[in-house]
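Chain naming follows the written order as A, B, C and D, and within any one chain the residues start at number 1.
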Amino acid sequence: MSAAPSLPTFAGVVPPVATPLLPDGTIDHTSLERLVERLIDEGVSGLFALGSTGETAYFTDDQRVELLTTIVRAAAGRVPIIAGAIELTAPRIIATARRLVDAGAQAIVTTAPLYTLNSVTEVAEHFRMIAAAIDVPLWAYDVPVRVHSKLGIDMLVQLGTEGVIHGVKDSSGDDVSFRRLIAANVAAGRPLQLLTGHELVVDAMALAGADGVVPGFANVEAEGYVRLWDAAANGDWNAARTEQERINRLFDIVFQPSGLSGDATGVGAFKAAMHARGIIDHPTMAVTVQSLDADTVARIRSILSEQGILPVSVA
Amino acid sequence: MSAAPSLPTFAGVVPPVATPLLPDGTIDHTSLERLVERLIDEGVSGLFALGSTGETAYFTDDQRVELLTTIVRAAAGRVPIIAGAIELTAPRIIATARRLVDAGAQAIVTTAPLYTLNSVTEVAEHFRMIAAAIDVPLWAYDVPVRVHSKLGIDMLVQLGTEGVIHGVKDSSGDDVSFRRLIAANVAAGRPLQLLTGHELVVDAMALAGADGVVPGFANVEAEGYVRLWDAAANGDWNAARTEQERINRLFDIVFQPSGLSGDATGVGAFKAAMHARGIIDHPTMAVTVQSLDADTVARIRSILSEQGILPVSVA
Amino acid sequence: MSAAPSLPTFAGVVPPVATPLLPDGTIDHTSLERLVERLIDEGVSGLFALGSTGETAYFTDDQRVELLTTIVRAAAGRVPIIAGAIELTAPRIIATARRLVDAGAQAIVTTAPLYTLNSVTEVAEHFRMIAAAIDVPLWAYDVPVRVHSKLGIDMLVQLGTEGVIHGVKDSSGDDVSFRRLIAANVAAGRPLQLLTGHELVVDAMALAGADGVVPGFANVEAEGYVRLWDAAANGDWNAARTEQERINRLFDIVFQPSGLSGDATGVGAFKAAMHARGIIDHPTMAVTVQSLDADTVARIRSILSEQGILPVSVA
Amino acid sequence: MSAAPSLPTFAGVVPPVATPLLPDGTIDHTSLERLVERLIDEGVSGLFALGSTGETAYFTDDQRVELLTTIVRAAAGRVPIIAGAIELTAPRIIATARRLVDAGAQAIVTTAPLYTLNSVTEVAEHFRMIAAAIDVPLWAYDVPVRVHSKLGIDMLVQLGTEGVIHGVKDSSGDDVSFRRLIAANVAAGRPLQLLTGHELVVDAMALAGADGVVPGFANVEAEGYVRLWDAAANGDWNAARTEQERINRLFDIVFQPSGLSGDATGVGAFKAAMHARGIIDHPTMAVTVQSLDADTVARIRSILSEQGILPVSVA
């Protein structure tokens, strides 16, 4: 559990890798390799495999291992890889996580229990039980819109101090809480690395003290986030803001679908744009998730074109 | 998918079977067999294995199969068994459900997807995909406090009419919606069996037209629910109400814990009472769930004693 | 504050009186008088003035007094009248309530504070402060869908025992909690009268022990609820259920509008039906609330006609 | 409604003025004048009267006029004053707002309707009706934690373009939505001024493009926010961040109370600190809101002392 020097760190731009699928719903390994190659080429500093953007909840553990294996092989050790073990409770998460570690995950990230009704004490015990059962660093993923509970600041810093968790991916939608987490982490001697999932305000969260960002949109274009993060790291906040505003205009692709689910909308827009740019061969969604219609795809292509990132020469 | 005469039906009193554990957290098969025997002795008409009261979310699929196998063996065909396949999404639910069917489940019950953000169209497709992949009837479980979304009346009746689902367990906490579901089901020719999970208002829900109840408290005492249901079936509503009110006084055991989680409180109170009555050997909770303290257990025993169901001669 | 014999009681069928408006948005006193006359003719046992169905939140205190004055005059002492004082906090509620008492309200009903963020202790103090400042009985109105907090059972029974509140109108959507409130009230010696606002399950709530119902649909037709309540009072539960099911088929009018707000939908359907039956002269909604379109109104008329309550001979 | 040059603007630091009370609960005008004087001395650019921090929901309209009158007189035209008209619906808000305008409010701010169940169309109409009925600019106040609905970006920009609203105070807790509102406002030609209520992330929100901040903590110390805002305006983001972090350490006073309501906690901590610094004579809370205990007050004083802002020489 000790933070030995050899442990992987996750900071800067760490995209959640999308899951390219063939029209029959099976994994498109060729597109996945191309995607990973492109992300690394554009300068990301780590990969977040099997997250929400990767539609991980829709895949069996066998498929998850298959996905992770390709990501690990394609990354070839150039950047560290953290993998999501999304499951109901500690015993089930441990089973999944061990398979992912065997497949090459250098760290595991998971949420509070799903479906169950737990106290803070029980949620802390949940993370302790998982950390004790795996051989790589554990991260906590705070995403109330999916988990329907929020991870508390005191618990997170306590678990960090104990060495149970090594970092937090914050997709809580609560910037005030994240700022307070940053301050509490500093006061505790920085046991945690803190990544934001709020890709529209990375400049602001960097100013606030975030260690990095997990931007789903990087699947469409990663280099903007890399430039943004470098500018912030150099204290050039005006440049960071300018880049963020450029990205946000592109991010409008996510607001083009209407009447669809959250998963169909967000990941659907990313996949449509990735397909338009030639990064993936098919915009196929995971099973049961609806596809975008042609008009929506046309509006997405139009935004990419207006912002000058279509066509693209693909690696 | 057709409702052939040989399909199992679930109506009347169908308790969710609790999961007795040994102090080391492994399954206490001896107590589980005793519990099943007792439930059947007291007259229940079916068993709901691997539900929320059974702490199913905390168990791996291997453990779930182990639990179900014992329940099936103990029931010995005397009552039909429906088993919960609680997992994130259709592909994962199917994998779990198939193992449970192999282990003897005569029907499968599951919820809308967990963790994901889906539309009604996608949730309907989710149930269709699962039903098509298993060989036994599928039921829908509506429990918004855990799933954080509500199954709509139109979708449920449509899925019933299609033969996708054969029934609904309603733990929605919304009696008006349940009443409207009953009326819509009648208007559609009764494709669905409708069970309520609201064990404090079974008399009222029977009057409203429910086909049965899934009462967690039946793990402590089932014969009251059997009497209640029989009275309702005979139109003796005053007797049904009197029995419900007696049960509700006993149900106060659930309001004795304070400061604990929902899972620790509800299942904890049941297990403490089952232990006090000699039905299970240990009140051990699933991993990470906190145990009741001695004072709370004493208050629970006191309620049982005041209401005259302690001590009990155990079968 | 003592429950002297002369205090008005509210039990049985106590409809929330709708607010007929002229096309220019001013109060249609002629229709309002006709409505009150009809409700009393059909046998209601009390009137709930200025509730949610009465669109009370959209009216100034001057308009509320104007409305109540007409209702009081039309009722002419034949049934008791309880009036809603819907405002933000105790000081503002007291100001409104005193005007309503001066205008003839024989009891006042109000909710927990709106807009503020209060503890249970503060909410209890809120009711105590109001009760101490008015000369008529105070009732608590539990409607979480509007107030966004739930009144707790312990607090309500405590306030009843203190003589602070004399009853509760429960529109909480939580039948289990209501059943537990009934039991707790009985155990405390029945300090409270308990009315349900859930007009689709009145038979079931009567069986559970409710003292009465506040049915918005009674503005369209009250005699069904009177029959239902009489049957329940006589222990004829099958008749009560049959009447409830007939009402519920009529209540489908509320599910005809689509894409409109909750207020436009529910009150809009009632007003359209009242207009169709000749009870009010115009279906005008309160300011800012959208009106139903012609197709929706036609569907509503069709339901009334199919169920045989159109046309009607108006008093 | 046109944006004439003479209209007041609200940008930079615009504190919500707290409401000092005497021990009997009546308004402490002496302390209120001292508070206003101090805020202006410390360099604020406007005053937000009768907001949530001012406990406005707990006061009658007579008291609100009394409060505003003193604030206006004390400000003596040195800074513009915007006043909250917090009430249920447009007709009631208009009545309140007109009294506040008569008492000197140069702009009015209000929320979506309370208690009612409205659509976006109806909420837009609500703001249009209010704007048409008052002679000063209208602002929209987005505070979902109190109103329980969120104002949409499209609606706000549309109302801005129509000249219905002139600005937004955003306390939505949703930084991503606020960032998108900023971008949409820029794209529409900046019809709106956009203030954030999130006082812990003002540096980040300034970087994101906010026009100002409404910091409750400025009642305790305003000069820090003025320095922060000036630094941001000069592009000195490191200085802005350093000042924000200093303020945030002071803001820990708000996390000292435990077990109390949101209103008792936040405003209670501010009042305790204001009292400790000699800015107000009594820390009395509005009626029904609980007071802090002595231990909590001691911890608050200790934080102020550690951070070097106690004692203070009061103007």
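One rule holds for everything that comes next: a contact is a pair of C-beta atoms (placed from the backbone, for glycine too) under 8 Å apart; a residue touches a chain by one contact, two chains touch by 3 or more.
Every value quoted in this text rests on a predicted model; they were computed, and no experiment measured them.
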Shared chain contacts [subunit B and subunit C, defined touch]: none
Approximate Å spacing (C-alpha centroids) for the pair subunit B, subunit D: 50
Cα-centroid distance, subunit A relative to subunit B, in whole angstrom: 36
For subunit C, residues that touch 2 or more chains besides their own: none
Those chain pairs that satisfy the touch definition: A-B, A-D, B-C, C-D
Contact footprint of subunit C on subunit B as seen in their complex: 173-176, 179-180, 183, 198, 200-201, 203-205, 207-208, 235, 237-238, 241, 245, 248-249
Touching residues on subunit C, where the partner in the complex is subunit D: 57-60, 63, 86-92, 95, 111, 113-119, 121-122, 125-126, 129, 145-148, 259-264, 287-290
